[in-house]
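In the two assemblies presented below, chain A is common to both, partnered first by chain B and then by chain C.
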Partner chain A sequence: MVIKAARRYANAMLITAIEQKILEKIKDDMLLIKQAISDSSELSLFLKSPIIKKEVKKSALEAIFEGKIEELTSNLITILSNKGRENLLYGITLSFIELYHEHKNIIEVDVNSAFELKKDELASLKNKLEDATGKSVLLNVIINKDLIGGLTVRIADTVIDGSVKHKLNQLKIKFTTAVE
Partner chain B sequence: MRTEKIEKAKQDAEKILVSARNTIEQEKKKALVELRNEVADLAIKSATLILNSELDQIKNKKLVDNFIKDLSTHI
Partner chain C sequence: MSQVRPDEISAILRKQLTGFDSEADVYDMGTVLEVGDGIARIYGLAKVQAGELVELPDSLDSEGKPVRGMVLNLEEDNVGIVLFGSSNVVEEGHTVKRTKSIASLQVGDGVLGRVIDPLGRPLDGKGEIAGETIELPLERKAPGVIYRQPVGEPLQTGLKAIDALIPIGRGQRELIIGDRQTGKTAVAIDTIINQKYTQDSEKPVFCIYVAVGQKGSTVANIVSTLKEYGAMDYTVVVSAPASSSAPMRYIAPFAGAAIGEYFRDTGRHALVIYDDLSKQAVAYRELSLLLRRPPGREAYPGDVFYLHSRLLERSAKIIENDEVAKMMNNIPDELAPKMKGGGSLTALPVIETQAGDVSAYIPTNVISITDGQIFLDTDLFNSGIRPAIDVGISVSRVGGSAQVKSMKKLSGTLKLDLAQYRELEAFSKFGSDLDAATQRQLKRGERTVELMKQGEYKPLPVEQQIALLKVNNSGLFDNLPVTEIQAFESMFLETVGVRYSKKMEFLAQSGQLDDTFGEELLSVAESIIDQLIAGEEA
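Up next is the complex of A and B:
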């Protein structure tokens, strides 16, 4: 759940990035920051900690991201640091990516597959999803052996379950609820 | 007086029989449900075991291809 303030910052970042024609670069910055925070629980706790002074947080963030991010993104970090709102940073990156996808008409689709999917399978899955949704599709594929076979696809709140595990579960329900 | 007693005893016996029959019927149903659940569980467990060892990348490809083919009907 992204808080409203984070969404406001993200929206401002998106608009400014479009105006300055650096949208793709800012998107990469946001992905970098998101990845850095989600990969390190220490960094995440550090940013959230009310005990650590904002100056310390500011210099830490500068040390981590200096030279790796655009000026606009640096400015965002400075503003957040000055206001003592570094804890919003992660939410801003999430919200920005969401807004970026909306802007670019992209939807993220989570795919769980029992076996690794080959390039041609991924391509035809992507094509089919793009035809059906009318959007550019970004596939997040996770291998899940528990599915036994087949795959599941999640688009927003809709899950389409084509896994063998699901079929077996359905079969079990059929067996146990069979009329006498 | 005696006939009344006999009649009452008959009625009581009938009640006990009816209730016993009901209990038996319920227990039978319960046992059947339990048995059915157990058989279903066993069947699914066996199927899972077989599928786990038999389902390989090649067989899976068919599942994946069919899923992709039918995808548009689900969206």
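Up next is the complex of A and C:
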């Protein structure tokens, strides 16, 4: 769940980035910030903490990201710091990536597979999904031994389930209901 | 003894398993964000419909079945669902699957004689519902104006006081209202028992008893009473006792209405009793508050009026014309080929008041939706007048046109007489000297009130009621002591039943009481009264 305000900031960032023709760079910045916050629980706690003064937060953020990000991104950090909304930063990065994908007509697809997929398998899966959705697909492959075999594909809320685990479950239901 | 061959078994198992590696399954999924107090909030499920059933495959109840829920709130960033099962087994992060079906239940003629829960699952341990069933949604829009017809056929309750003074017609909604322990359920149960006589006729009335938030023991008692009087054969009991979850109590009356509609739309007659709607309103308030909908008067949500109005509007008398009835609005697909005109759904909603306060929120709402009310009074009940119907404020707005002709004629002035009697009774308590006319009126009123008394589970056929009213109107009772009225009633009905069985049968069928038979009845009554008076004096 992303807070509404974060979506607004992200939208403003996207439009400005497109205007300034630095969309890809900003996207990289956002990925960098997202990675930094999700990797360091200290940083995320630091940003959320209401006790730490905003000047401290501001200078800390500047120190962390200095020289690694575009001017536009550092401006965003400055605005957020001035308004005491650093806690939104993570949400903004998430929203931005979501909006970026929408803009570029990309969808993220989570693939859960019981086994490591080979390169040609991934390519054919990607092709099929692209044909089916009409969008370019970004695969997020997770290995999940629990599935026993096969794979599940999740596009937004819709799950295409071809896992052995699901099949076995269905079989179990079929057999137990037949008994009653 | 026939033997099972092992190769046969493996062949069957293999056949079952062939579907095994077929297509991948596609479904929509969400995640539980928070859960508590029987509700859960879900992230995802962007395409879910309001009122849709969802399943939580990770949360298994004590029987190992997945917990189910119903979508009630669609919010900007989450979906609010109510859980039908226990919320203890639901955890944050569990997946939620759409079922793509709106809350519904399986209905067929096989439901008669059964006790089921609001989702149609049997509770009486007699296995699945027998015979062909069709799936009907719990929530369905009421039939439009052109598919209806004015109420015209009587629905006999078998209670003298109701059939004479507050007649109910098929397709009517008549509220039964009163404090606790005033016999509201007894009126409803008597009405169900009295429908037994219709079962052999061309237009049988099937009954649905919806128990909302009642004690499990009360429901069990009612079921055994119905069985004892042979009324269970044509009755369905939908049970959502006090121990069931709030969503179950909330949807129970809708389940009753859906079953009623099945009979109504297949051209038959049904009677549904919602016992009681105050408890349903409380369950709905509970859900609404937990879902953080804004509370209004008495903390009920703003749409509690709509809750009851949309339910009660579904009771209707459907137009006799099959062609028109087939075009009715919102017919579920499975029901469409079975549609017939001329059916009806009568509703007897029950409301419990607190200390006789009919001006509370829920009672006023339901009074305004229904076509009249039967008001039961604690004081009358305690003074031995049972059924404790307060004739003064009980009304039936449409039932009069459905009353049997001779009954209508006989009961014409009865209500007025009783009202005048009540007024004089209060006046006479001052002990002042009264003129002869007043005394006569008091005497007559006293006897009429006595005649209206009736035991529980003893509904009277309409022809017997007519005969008794004929005697009452003639003034023959004036000389009979009040204490002898009950004795007279049983002697008279027995004698008439034996002596005039043919004529009584004709009266039951035609509803016409001709003058000669009327005279004959009066002469029988006179001889019995003389006999009773003589016995009294001796």
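The working rule: the second predicted complex is superposed on the first by the 178 of 180 C-alpha atoms of A that agree within 3 Å, B and C clash if a C-alpha of one lies under 4 Å from a C-alpha of the other, contacts with A are read in each partner's own complex, and residues count from 1 in each chain.
The working rule: contacts are C-beta pairs under 8 Å (C-beta built on N, C-alpha and C of every residue); 3 or more make two chains touch, one makes a residue touch a chain.
Predicted model, so just to flag it, every value in this text is computed and none were measured.
Trainee: With both complexes superposed on chain A, which partner does A:L45 reach: first (chain B), second (chain C), both or neither?
Mentor: neither
Trainee: A:G162 contacts which: chain B (first), chain C (second), both, neither?
Mentor: both
Trainee: Mind working out whether A:K128 is in touch with chain B, chain C, both or neither, as first, second, both or neither?
Mentor: In the superposed model, A:K128 contacts chain B only, not chain C.
Trainee: Touch check for A:I15: first (chain B), second (chain C), both, or neither?
Mentor: It touches nothing on chain B or chain C.
Trainee: Going by the contact rule set out at the top, does A:F115 touch chain B (first), chain C (second), both, or neither?
Mentor: It touches chain B, and chain C stays clear.
Trainee: Check whether A:K172 is in contact with chain B, with chain C, with both or with neither, and answer first, second, both or neither.
Mentor: first
Trainee: Should A:I143 be classified as contacting the first partner (chain B), the second (chain C), both, or neither?
Mentor: Touch partners of A:I143: none, neither chain B nor chain C.
Trainee: Answer with first, second, both or neither: which of chain B and chain C does A:R154 touch in the superposed model?
Mentor: second
Trainee: More residues of chain A are touched by which chain, chain B or chain C?
Mentor: B
Trainee: What residues on chain A does chain C touch that chain B touches too?
Mentor: Residues 158, 160, 162, 171, 175, 180 of chain A touch both chain B and chain C.
Trainee: So in the complex, which bits of chain C are touching chain A?
Mentor: Answer in residue numbers: 16-17, 20-21, 24-30, 33, 43-47, 57, 76-78, 128.
Trainee: For chain A, which residues count as touching chain B in their complex?
Mentor: Residues 113-118, 121, 124-125, 128-129, 131-133, 148-151, 153, 155, 158, 160, 162, 164, 168, 171-172, 175-176, 178, 180.
Trainee: Quick one: in the complex, what on chain A touches chain C?
Mentor: 1, 4, 154, 156-162, 166-167, 169-171, 174-175, 180
Trainee: Enumerate the contact residues on chain B facing chain A in the complex.
Mentor: Residues in contact with chain A: 32, 36-37, 39-41, 43-44, 47-48, 51-52, 55, 57, 59-61, 63-68, 71-72, 74-75.
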